Amino acid sequence: MNTRIAHIAFNTFREAVRDRVLYNLVAFALLLSGAAILVGQISIDIERLVVVNLGLTAVTLFGVVIAIFIGIGLVSKEIEKRTLYTVLSRPVRRWEFVVGKFFGLTGTLVVNTFFMAIGVFLALLYVAHRIQLSDLGILTALYFIVLQFFMVCALALLFSSFSSPMLAAVFTFALFVIGNLSEDLRGVAAVAKGVSGWIATAVAYIVPNFAALNVANQVAHGETIAGRLIVYNSLYSLLYSAMAISGAVLIFQRRNLK
Amino acid sequence: MFAIETTNLEKTYAVGFWRKKPRIALRPLNLTVQEGEVFGFLGPNGAGKTTTLKLLMGLVFPTSGSARILGMDVDDARVKAQIGFLPEQPYFYDYLTAKELLEYYAQLSGVPAKERSARVDKMLSRVGLADAARTQLRKFSKGMLQRVGLAQAVLHDPKLVFLDEPMSGLDPMGRREVRELIQQLQHEGKTVFFSTHILSDAEALCDRVAVIYKGELRGVGAVADLTSHIQGKVEIIFAGRTVPPSLASLGAETHVSGDVVRAVVSAEHQDAALEILRREKLRLISLTPVRHSLEEYYVEKLQPQENRKGVGA
Amino acid sequence: MNSTRRVTIAASVILLFTICGTVAALRALDRMRSGSTFREVLYISSPKAVQRMSLGYTGLVADLYWTRAVQYFGSQHHQHSRDFHLLAPLLTLATHLDPKLTPAYEFGNNFLAPAPPNGAGEPQQAIAIAEYGIEHNPNNWKLYYGLGFIYYTELKDYSKAAEAFSRGADVPGAHPFLRILAARMAQHAGEFETARMLWTTTLQTSPAKDIQRNATDHLRALRVDEDVTHLEKLVDLYRQQYGLQPQSIVELVRAGLLDAVPVDPTGQPYKITPDGRVEVRNPDDILYITKGTPPNYEPPRPKPDTQK
């Protein structure tokens, strides 16, 4: 069982690489270097802030776009192209297929993020001429971003297991946007009364909480992140991802393939 | 133990968004296939052949009824290790090379790591793709893809091989190779279940055939039984441009093309016909008994039937 | 020439023309719209709304608004405009999105309060932003300093300035001058020494180049004011001693009241007017001086607003 998941994961990673996904790193590098150089020219005392804020935002956005574009195709493309037939005729259980795809996609993003992290630190070195201890907070911020990726990938897989690629992309992206506002949502839910209150609460809890995983600004100002936050965020992300994957497995398990 | 056994296997699709209109893809099917036989599943496009195969593969779920493969329920994961499947017009991951694809499939089928590479190479040679092993599948022609498909179906030495239209898209050379492959598989003791609408292939290869039409099984039988040499007609081909009236009066079906005439008469009139040719000084080209072909059985089974119940094996 | 050739040539020519045309059109657009990007930036001026729309990436958006604020100020300055009304909203947005954006507070402290063309002329806004900063960064002594700075330089409210400096001096790590400035506000607020101390603090502690330049200019002006005051005292002394008006600074030197002819920061020697006042030779060259200028002197008028 384990090896099959690993093989599927590795194959998913290989597909992403051969699809030239990693070329996005070039665009990222260009963006970050351009910004770093520009900020150095304008010289308004926020070079470090800009590099960290921009760098982390770019890592997140690039990663989310990749997660969505690849994630939505993971299942639905295989169903449409019927490449799935010969895979499922082998002793591969359907849930192994879903889980393998998930790990392949998240693995790709972790590798991608790793390279981007190097880029961010290089840009920081360029504008600030040194790395200080407080900058290690950037690693925490990057870890949180990876946690976000887990959730986005899981959601993309979930939607991909039952809807068309286009719809899956729209849903996943919408949830990403709403997820960044989730703390506002819960605030609204707390004051709303009656049925709309119940609905608002339900929605507020289903929507992924990306706001808690966004510590770009704190890290840019050199603040430390509480250990408890790290633990709880990790738990939340893992549980949420597992929830979405379970949903995907359930749906895919009973799906008639065309 | 049957290789394949279906019991009232049925599939109905609900079509349409609001008012679900049911589309019957497969009426309750009762079919058995013996181990070691080559079984042909015949029918026109849209008859339900692919649906049946997908039900047997576990790709779609039956509305009712059940199926067993090698004595195990279709859902059972142990089944998959013993079967191979070649879908119709297969697609494979086109960013992989042939060798990579087969190795990946070997991994998923549980072929031990030590043997994998050797097995894959052997399989590639067997289907004639040894040269293209390192070429990406996106560059493969249809025929090459079909061969890859066959390779992945038998790679893990399964007991039972399912082929959906294995000859489709192949040139005559390719079709001959596939035929030879199927015969080899039979010699190896494997069970082969393949669907096709090309009757000559079925006639040449199968031990038994089933005819399916509009989701319903119309007939099952051994090929040898269904085609007999005794039908009572002979085909006479002779040189000429016109049909002698005396020949026509024998009740012959005739056809003229260019310098050659083809006439079919009943066997009892064979000598009379030959006498007419000798008298008219027409040169005989060939004389052949007409076999009752599978085609006739097939066409007959496709006619609307009074009896709508599924025909048992 | 066959048709493929013709199409290739035609398409290439069209491509060339359209490239030039697009560039020209873009430049025309830019000229028409100059400055409007700043106004558009403020179409959404509610900090809460902008915060929502940032989707949590408020730090980056704050940096963007801050950058805009600096660009805006610079470009208005460059056009010799007296209109800086967008500066306060831009800075408010930036600081609300990222309350820890220290450079924005420093910029506001230095350039929001002074009257145009050196600043936006909105000291109350400056105070509001400074207070906001203090509320969210109670341990940042520079913000208290900035508040005191505004009260001192623009509003001349020395008791409030003293209060701010004093609060700031209590923060660990504060610049040692804060305590002294707080003390001097009571009695010696108007003195040169106090002002010099203030501007020196700003010069030493703010990393921003434009703020440093501003502080340097003020320090130079202070020197001129001090010099002129001192020289005018000497002129009076001379008059008392010799009963007549000295005609030039040289005479003061000859009279032993000065060691040498002093020069202003631009290197020009001071001159004595017929009515006994000391003046700078080229008042237009030195900013912010309050002494040593001719009567009814107006600092050079900026050119009228070129954009409307």
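Per-chain residue numbering starts at 1, and chain names A, B and C are given in the order in which the chains are listed.
Simple rule for what comes next: a residue touches a chain if its C-beta (ideal position, glycine included) is under 8 Å from a C-beta of that chain, and two chains touch if they have at least 3 such contacts.
Quick caveat, the model's predicted, so the values are computed rather than measured.
Just to be sure I understand: the centre of a chain is the mean of its C-alpha atoms, right? Then which chain's centre is nearest the mean of all of them?
A
Can you tell me which chain pair comes out on top for contact count?
Result of the pairwise contact count: A-B comes out on top.
For chain A versus chain C, what separation do you get between their C-alpha means, in angstrom?
44
Roughly how far is chain A from chain B, going centre to centre by Cα mean, in whole Å?
Centre separation, chain A to chain B: 48 Å.
So, what's the distance in Å between the C-alpha centres of chain C and chain B?
Roughly 89 Å separates the two chain centres.
Show me the residue ranges of chain B that touch chain A in the complex, using the header's touch definition.
Those residues of chain B that touch chain A are 13, 54, 57-61, 77-78, 80-81, 83-87, 90-93, 95-96, 104-105, 107-110, 149, 152-153, 156, 162.
Could you please specify the touching residues of chain A with respect to chain C in the complex?
Against chain C, chain A makes touches at 42-46, 49-50, 53-54, 57, 177, 180-181, 184, 210-211, 214, 216-217, 220-221.
Help me check something: in the complex, which residues belonging to chain C touch chain A?
Residues 52, 55-60, 62-63, 66-67, 70, 98, 100-101, 103, 207-209 of chain C touch chain A in their complex.
Write out the stretch or stretches of chain A touching chain B in their complex.
3-4, 7-8, 11, 14-15, 18-19, 81-83, 85-93, 254, 256-257
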